[in-house]
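Next come two complexes built around chain A: one with chain B, the other with chain C.
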Partner chain A sequence: MDITGFISKHRKLLLAGFLVLILIAIATLPLYGRTYDVRLMISILAYVAMAISWAMFSGVTGYMSLAPAAFLGVGIYAVALLQRELPFPVIIVIGGLMAFGLAILVGLVTLRLKGIYFAIFTFGLVVLMARVIEYLEAMLFNLHSRHILSVGTANSLYMMLGLAVVTVLSVYFIKRSRYGLALLSIGGNEEAAAHMGVNTTRVKVLLFAVSAIFMGAAGAIMAPTLIYINPGNAFGLVYSFMPILMAVFGGMGQLYGPVIGAVAFGYIEEWLRKELGGSFMLAFGIILILVIVFLPNGIVGLVPMVRSKLGWVIQKLRKGGQAEQHANA
Partner chain B sequence: MSGIERVLELILYGILSGGVYGLLAMGLSLQYGVCRVLNITHGEFVMLGAMLTFTISSTFNINPLLTAAIVGPLLFAIGFLLQATLFRGLKARTPSPPVFEGSALLVAFGLMYIIQYAAVMNWSAQQQPSVYLSYRVLFLGMNIPLNELVAFAIAVALGVAVYLFLARSRLGRAIRATAEDPATASLMGVNTNMVLALCFGLGALLAGVAGTLVSIKVQARTGIGFSNTVIALIVVTLGGLGSVPGSFVAGILIGIVSQLVIGLWEPILAMPVYYVILMVLLLVRPAGLLGKK
Partner chain C sequence: MRMLEGQGVTKYFGGLAAVSNVDFHIDQGEIAGLIGPNGAGKTTLFNLISGAFPISSGEIRFKGQKLNNLKPHQICKMGVSRTFQETKVFANMAVIQNVLVGAFFGTPTSVSGAEAAREASQVLEFVGLSAMSAVPVKDLTLVNQKRVEVARALATKPELLLLDELMAGLNSTEVSEAMELVNKIRDSGITIFMVEHVMKAIMGICERIMVFHHGEKIAEGTCNEISCNKTVIDIYLGEETNAGS
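Now for the complex of A and B:
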């Protein structure tokens, strides 16, 4: 039987099968991997959820949110405050909802204005949240850091895998929904979108807040793996930087772009941290700049570009051949 | 000291420290207003200014204030080159101005990490004993450290000079024309690429001098960049994006607020209070205090 024909005929089926295999491989990781591998996978999956939800809003609209870490930190602190009172899955939902609330507040203040105010406001948000929590913790509980009970590394992995899948599926459906299309039209031309009857402020605020839910939930699931938390490590700036880098590197035009970026940089980050210590940020800063300047559509955008370049070369070769024939004739 | 005297003293300190905030916000305002780059690595230039000031003045035994004459041009050159190569190249590759603004923001985000890294490698995260002229003199009936007064005087003098340069000089007019409408300005014979590079360099220079002034007041360290960026962003927004006098007014306002919050309430809450002010302003008057709609 013709293999290429079989592949092109059942492409979707094969893709689905491949994805299921990957999911099974990740889910069974605690059975054959070291704890170290499982932890690494947890942080990569968290990055997947964050990068894709960042790209869902900022990539589409061009409103640059510089504060994914603020929402992550809110989720982490939701666990710290509630872990001894409520069952864990409930806290994940609460963490997501708290991030949602914070995002609504930020969005209502800034998203009816030009994009630049949004960027300005979100830039310091991570530090703002850290300071507010530091103050409240000292005032109300006389605490500087908190200990978080483990829920088992394997359980953390299963929950994070679940979150990553839910995030990918949600973003997929949101993109195809009325709201997703409205957001896309805002990214294309906001004024025109408003004239077509899109309530631009409402769409922006709502979808920004929805994207924050996934980040808050990721923080909640990640919290037990951190063991000790304080405002400094829960609201680490690197958690803002990495998802943005990953989304930009992977390419935001396609759903799978940020996923590819997150997986690639999750590994590279871990490897560089081991090799270079703190200086891995230098490499990442340079990569971010190079990608934005030279690969604005990410590596996913490279595929059609290479294809069209190749096509152009082939065409030219053909034409050259024809011209030669004419010359010979 | 009675309560009212304490408050008056804090307000005076606030006005004095606000001069430096105004200066660094002015630089950011130029960079965003003309080059359309929201330079979120601005505070790192302040940090570079402060660290270089200390390093140069302690190695060669020069008065720290005179070092500004070396640090300023040095940072001007860095800013000039960044705009002339990186941001100009980026602009040529982006399809529309809003896309450029977003991409430039992310590029500045990357730059922030690079500068931060280079600084920590070079100087470590330790504090440097860079304070200068810290003895107190009698001013308006109060004992004020001399460095506060000197920093304020230099900041205001430089601010006025830049304002006059923009308002009166031929080049200043070219800069304002470019900010207003780059395409038309270039048709009128303005070398816009040159103007943009000059403006970005000037912004970096102002940040560098602000860094010199910061370093004589508090101990310089490599970690001061981020909070300076946040303050500059808030001050610029309060004053109205692109308005030079607005930057100064807002800088002094934030200076007073910060001194009052730190002196009478709780130092950790200074930034949350700036944010509350920013939120109220954005809700009431998004164009800023002195900004045009």
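Now for the complex of A and C:
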């Protein structure tokens, strides 16, 4: 039996089967895993949605957005304000749409800023949102923090899994669409893109806002797992840096780069936190620096490297297989 | 018929007039050339036509429609396309993807994916890059990157094509090929306005030449008129240069 031939022949089918198995394993996690594992999985899936939607816009265009925490926080506060009024799935949609609206406003003001100025403005947005909400909560409701009702850890997992799948599929189709091409051309040379008929402002604002939908929805789904929220933890700046680090860690050249980055990053973070306690960030930083120095294309960049190193082994196997076939014939 | 017409076109950068009170026109179907020393305002004029900068005063009309205050993407869709002096290709994208951007977004009417793909491969065939369709543009030589820019511009189905120093940096064989390409484009019904320093090229294919100096148009005429013009010789061509040499 020629196993390498079989693999290359049915590659797509095998890949699809593998993905289905992973999805089933995640979906059934509440049946065999501890609550701790389920919670870890929820945050990893949230990271997946955020990293891939961040990479869709910022990774391609080079407009480094530090706004994810602002969109996530909007989703979280949508739950805090509406949880007792509306069914939860509706709030997820509202959270996504509110993030979309905020991103449109921000985009119209800032996307004519280039390079570092865009990053600084979006960074400021996160801080601004936190302060504004803090002020409004104190003035209108005389509150510092809010309690969010649990919807059940398993339900949170199912919803986050759903969101991660929807995000990956949406980004996949956007990348293949003409909007994906327009984003690529803007990243390549914005002036030339405009001269070739691309309405660069519209494409940038629209796609920036679309990427915010997934972040807002992730915030809404994540909210019940946080239990107590305040502007400080809902708009935590760490949520802005995480997607970037994960996308860089995984590699942005391919769709699955940020996914792998988010999974690896989420897991390593948790493991280091458990092993090293407070100083985990130090070890984490070192790992990240090593990855950036030695794997400029992220973990995904390992694949072609390994493939070229192992190329002769595979070729030998294939030749062996063919020789066997000839011998049998 | 006048395809492009400028009246009193002026552009200030701070206090400096890069283009100063220039009247010009391009007729349908011709190859018009624009020459002049470095800093004369040639590329600035192209940038004003294509909408890269707003015009300070005066007006530019394309087929009777005013171009002032329109954005580059709108002007492109109206039928004016261009290449850049320093190539501005999408370096990390494949050749075909570069051309697809023009085919998808630059045409006057919106097109389907299949139409855009067909148009893009036809244009690649036209400029002779079919074999390199899948190669990332950054891996191409300068001359081929310039061809990609031409193909990308052609994919937007322009009526007027602005070529900004297409021949700069090419060797003499490549210049001859580029001249052939420019003639072929004109024969396909596209009007051409080109900035060029390579005299052999400009004298060989242009029917009418304008000369800029310090942002002003100092001369205009056929190749023979320009190459005998005393002012032009003093300022730009120099004593030894004659048409065709």
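The criterion applied here is as follows: the second predicted complex is superposed on the first by the 290 of 329 C-alpha atoms of A that agree within 3 Å, B and C clash if a C-alpha of one lies under 4 Å from a C-alpha of the other, contacts with A are read in each partner's own complex, and residues count from 1 in each chain.
The working rule: a residue touches a chain if its C-beta (ideal position, glycine included) is under 8 Å from a C-beta of that chain, and two chains touch if they have at least 3 such contacts.
Remember, predicted model here, so these are calculated numbers, not experimental data.
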First, second, both or neither for A:Ile286, with chain B first and chain C second: first
Touching partner for A:Ser65 - first (chain B), second (chain C), both, neither: neither
Partner chain in contact with A:Gln83 - chain B first, chain C second, else both or neither: neither
Which of chain B and chain C A:Val248 touches, first, second, both or neither: first
Chain B or chain C, by number of chain A residues touched: B
Which of chain B and chain C A:Glu191 touches, first, second, both or neither: second
Shared contact residues on chain A - chain B and chain C: none
Residue ranges of chain A touching chain B (in the complex, touch as defined): 62, 64, 66, 109-110, 113, 115-117, 119-121, 123-124, 127-128, 131-132, 134-135, 138, 237, 241, 244, 248, 278-279, 281-282, 284-289, 292-294, 296
In the complex with chain C, residue positions of chain A that touch it: 178, 181-182, 184-185, 187-189, 191-200
Interface residues, chain B side, partner chain A - complex: 32, 38, 40, 86, 89-90, 93-94, 98-99, 101-103, 105-107, 109-114, 116-118, 120-121, 226-227, 229-230, 233-234, 236-237, 241, 266, 268-269, 271-272, 275, 278-279, 282-283, 286
Residues of chain C that touch chain A when the two form their complex: 50, 52, 71-73, 76-77, 81-82, 84, 88-93, 97-98, 100-102, 104-107, 113, 116, 152-153, 156
